[in-house]
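Two complexes follow with subunit A in common, the first pairing it with subunit B and the second with subunit C.
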Partner chain A sequence: MSLRLVRIDDRLIHGQVVAGWLRALGAQRIVIVDDATARDEFLREVLTLAAPQGVPVEVHGVADGAARLITLAGTPEPIIVLARMPRTLLALRHAGVPIEVVDLGGMGAGPGRRRLHKTISASPDELRELRELEQMGTRVEIQIVADDRPIPFRSLDQSN
Partner chain B sequence: MRSFRIVIAGHGTLPAAMLATAELICGQIPDLAAVGLEPTETPDHYAEGLRAAIGHDHRPVVVLCDLLGGTPFNIASAIARRSPRVICIAGANLAMVVEAALAAGTLDDALVERLIEVGRGGIVETERHRARRAS
Partner chain C sequence: MYRKLAAVSAGLMLVALLAGAMPGAVLGASAPAGASTDTSRITVAAWQAALIAIGYYLANSPWLFGVAYFTLYRPLVAGFFVGLILGDPAQGTLIGAAINVPYLGFISAGGNLPVDPALPGWAGTTIALASGLGPSSIISIAVLLGLLGTLLFYGRMAIDSVFAHWADARAEKADISGVALMNLVPSQILLFVISWVPVYLLALNGPAYVNDALNNLPGWVTNGLVIAGGILPAIGIALTMRFIFRGSVVPYFFVGFILFTFTHGSMSLVVVAAIGLALAYLHLSFTGANAPKAAAAPGPSSEAVPAAASPSSTAEPAVRLTRGDLLRSWALWTFFSQANYNYERLQGTGFAHAMTPIIRRLYHTEDEIRAALKRHLVFFNTEPNFGNIIHGTVIAMEEQRANGAAIDDDAINSVKSGLMGPLAGIGDTLSQSTITPILLALGIGIAGGTASGGTIPTIGAGATGNPLGPIVYAVLVSIVIVGIGYTAWMQGYSRGRAFVTDLLRSGTIDRVLVGAGVLGNLVLGALAAKYITVYLAPTITIAGAQLNIQASVIDPIFPGALPLGLVLLTWWLLRRRVNPLALLAVYLLFAIVAAYPFFGPDHTSSTDPAAQYQVCTSSLLHPYYPCGAPPAPTVAPTAAPSAAATPQP
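Showing the complex of A and B:
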């Protein structure tokens, strides 16, 4: 088995995730993988508060997260996995985490970042990392809310 | 006289609309601000606006947020965790906003409990509500 949906979102848990994606996936658990967040007790607590009751939030660094996700991928439990940046997911892939689809859900604009679609921008490094994920057999798509039709990353990467 | 400030925090135009609608019901409400998160706004920019509305004096503030887990709530709850004079409540509705607006006195535990109770109490389905009232 592999993880059905892994989302890159620089806000991690927010309205689109709790009100839309949790329900769309029937997910009962949120797993966040982010080294900086895992080290910050205050941020961890704020993120735990953001989830609805009955939905546990786990926050892991990349090393712990990889082991945990390999275990969870072997169970039928639907989960939503959140990371802030492509680099994290590439590290998870290299560590053997099976990821079927990466969803680009929120990647803010900024200097040196190319806008791919609406609220999705990426730096040249991030574009390379996303291409590498695709080369490893993971599909990369943009789908901001569950109702949106997924747009293949490749179609936007080539058209620019 | 109410001693605390009220801030409505939420997505898009909802906070401004809630404020305007609460004023239709209560008349002009002093010390009430609305801060809406625009679709393209960064969380940092929103946090600035929310902090300005909360104010930098020592007055107690209750922040009424539209959605548990939404960005406005996440930012407000982070501010509240660090600042004991700020109370953050999620799931705000018009009944709760009106109750807060008309409250007198201080922002104590009893008032926070009452706001939550009034917000929840205003959620009914008419048939069930009727059956309960008849019994």
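Showing the complex of A and C:
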């Protein structure tokens, strides 16, 4: 299982990911799956260049991303997968990508979203998608940085 | 959720109040003299406690041109100012530096604060100075204060979210000044109350309380706290190693360690840094790290992308921003970006506050102003210096939009939300996990003074602090951080997105990181040798002579083998994802247990030298080296300079 971290984070690559997770996991590749980002030439290049030297970054749309991740999951190379929203990961899961755990790492507050925990907020639709992921056998956990203890999504979903 | 956190913070204040009000006599009345030091006690007057508490508030506040987080927030600088307030800046510096070492690898990103270094810096130094504790014994107490500080931070993050909604209400009324005020005023009143009160009480009552508590502890526990003071720095250094101890620059850490150890600590950290700069130049020249990163980016050049941000491309603009508008906006951001830092929007209200001069100049109808304010009040978070490229770019886009260019909300939002992450990644790597710890390591090294005797200095052993350490650090880090912020802002405005891609492609940042890695590892290695101390107590008997294992066996082969081993072990454990806070607790417990006289009677309270020597042989670790003069003078003089004994627990 080489998908070391499958993370939902609307800022994709940033300090917590680069200075925290990447080092902590010793990951050697970052795969970003997001349709809007994949279409944006400029953002694609910035994300590619923003990762530390020696860590290749791939940006895919959902369709290409699923195929690519299924291939990568079979290799021993440790990788980090980043997506902006639950919907993307649900689509990947439906397409057959083997995701054991989803890390809910960053979803900023916005219209329609309610706060779940610290910097994590979610809309009713997003909550539904996360529940569906859990029903499909994927554990959803909140763990903002690598040094935090993971909190099961289920425990927060009920209390709010 | 808000209520829960608010309740936690309120409960905490109550605990602080109780702890402050509790008379020291509760524990201290029947205490024997014990092993605690009583030599240089300073009484903290109410006005001094008030000033120290203001210092802690300022460390968390936005008032110091945005550099408080890099200066007053760090125990090294805090210690100097506490010393200044209490009349002994040199000793304050020494203590602040020692407290800072476990926090060397401290980093806060995305509204996450693992520990609070500022409370240990301000309150910890006060307690140490006022109770006459040595720098080594205060470290353990300071670490506990750091956890309390974290709770204050989280309480504030939760409550500040409310003020973001107040700002929303002002925006709805197109009230530009109202939005600015809501970013600044309520958050600062709250911050002042929750930071000033606990620190005032701690500064006033903490020293007597801690002193009485320590007087009641058995001598071996007090010894254990000193031992912990030598072990806990390994965590701070190992956390920093996680950032820079990687790739081709790893050997420089060992070079730094060995340089310092084999000159018996007499080499100044400034000299180490000078050697580091020379080596960094050589390393970059000879490893080909100068190659631009272009190969990594096969995509089409960004020039092909419609240049959203080049104000000169618009012919005859109707409204133009002045240089004053740009500077005012930059200054507002530099000061107040995190004034109202909160869980819901993070720097959202700070962004809107910074945009107020721009909005004032560009937009004049109520609808335009309202839309612009609301546009910039949304969730935003980036590294607030390097990330300023975003602000520059966005300001240029707003200017074009005001002049009729077809730039919609989506275009502006996608620049903000698309760039805030990647630029925070690079910015945090630069400012928080490279520049700050390296300059801090240098400052701490200078602050800790150099050894006068022939041995590696223990931090508690009669050393005096050098206030130049915190001053040099604070000046250097402020210049570098503000310089990065200003350049990013202005380049972002004039060159926009092309500046991002050009800068990243050129490989400049990677070169800076590699060069800093060389310098940083060298200084960090020296600092590890200076601050990590592990003294084995047990002895072996060879040919009838009782020999200390460390002084007679380990040190003649490789002095410093134990501290080096400890820091590498800590680094390895952290890489294995052991939680640093758990590690802190384990090391603290281990140090105290290791001080217990397992192998003989407890002589820690005795003043008889022969009995004190027995202390060494009866526990696993000992705070002093070579742990009291042995009764039989059979130790080889080269192996263990007996003059270095400082048996004063």
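What to note about this one:
Just so it is clear, the second predicted complex is superposed on the first by the 157 of 160 C-alpha atoms of A that agree within 3 Å, B and C clash if a C-alpha of one lies under 4 Å from a C-alpha of the other, contacts with A are read in each partner's own complex, and residues count from 1 in each chain.
The criterion applied here is as follows: contacts are C-beta pairs under 8 Å (C-beta built on N, C-alpha and C of every residue); 3 or more make two chains touch, one makes a residue touch a chain.
Since the model is a prediction, treat every value here as computed from it, not as a measurement.
Overlaying the two complexes via subunit A brings subunit B and subunit C into a clash.
Of the two partner chains placed by the overlay, only subunit C lies in contact with A:Ser121; subunit B stays clear of it.
Contacts of A:Ala24 after superposition on the shared chain: subunit C is touched, whereas subunit B is not.
When the shared chain is aligned, subunit B and subunit C each come close enough to touch A:Gly15.
Residue contacts after overlaying the shared chain place A:Ile144 against subunit C, while subunit B stays out of touching range.
Legend: residue contacts after superposition of the two complexes on their common chain; A:Val46 is shown touching both subunit B and subunit C. Mapped onto the common chain A, subunit C and subunit B collide along 386-394, the only clashing stretch among 386-394, 530-538, 566-574 or 602-610. Within subunit A, the residues touched by subunit B in the first complex and by subunit C in the second are 11, 13-15, 17-19, 42, 45-47, 49-52, 108, 119.
Of all the residues in subunit A, the ones that touch subunit B in their complex are 11, 13-15, 17-19, 42, 45-47, 49-52, 108, 119.
Interface of subunit C with subunit A (complex): residues 1, 107, 109-112, 114, 157, 161, 242-243, 246-247, 293, 296-297, 299-300, 302, 304-305, 343-346, 378-379, 381-383, 414, 417-429, 432-433, 497, 500-501, 504-505, 510, 513, 575, 577, 579-581.
For subunit A in complex with subunit C, the residues that touch the partner chain are 9-20, 23-24, 26, 36-37, 40-54, 56, 106, 108-110, 115, 117-119, 121, 144-149, 160.
Considering their complex, residues 11, 39-40, 42-43, 67-71, 73-74, 77-78, 81-82 of subunit B touch subunit A.
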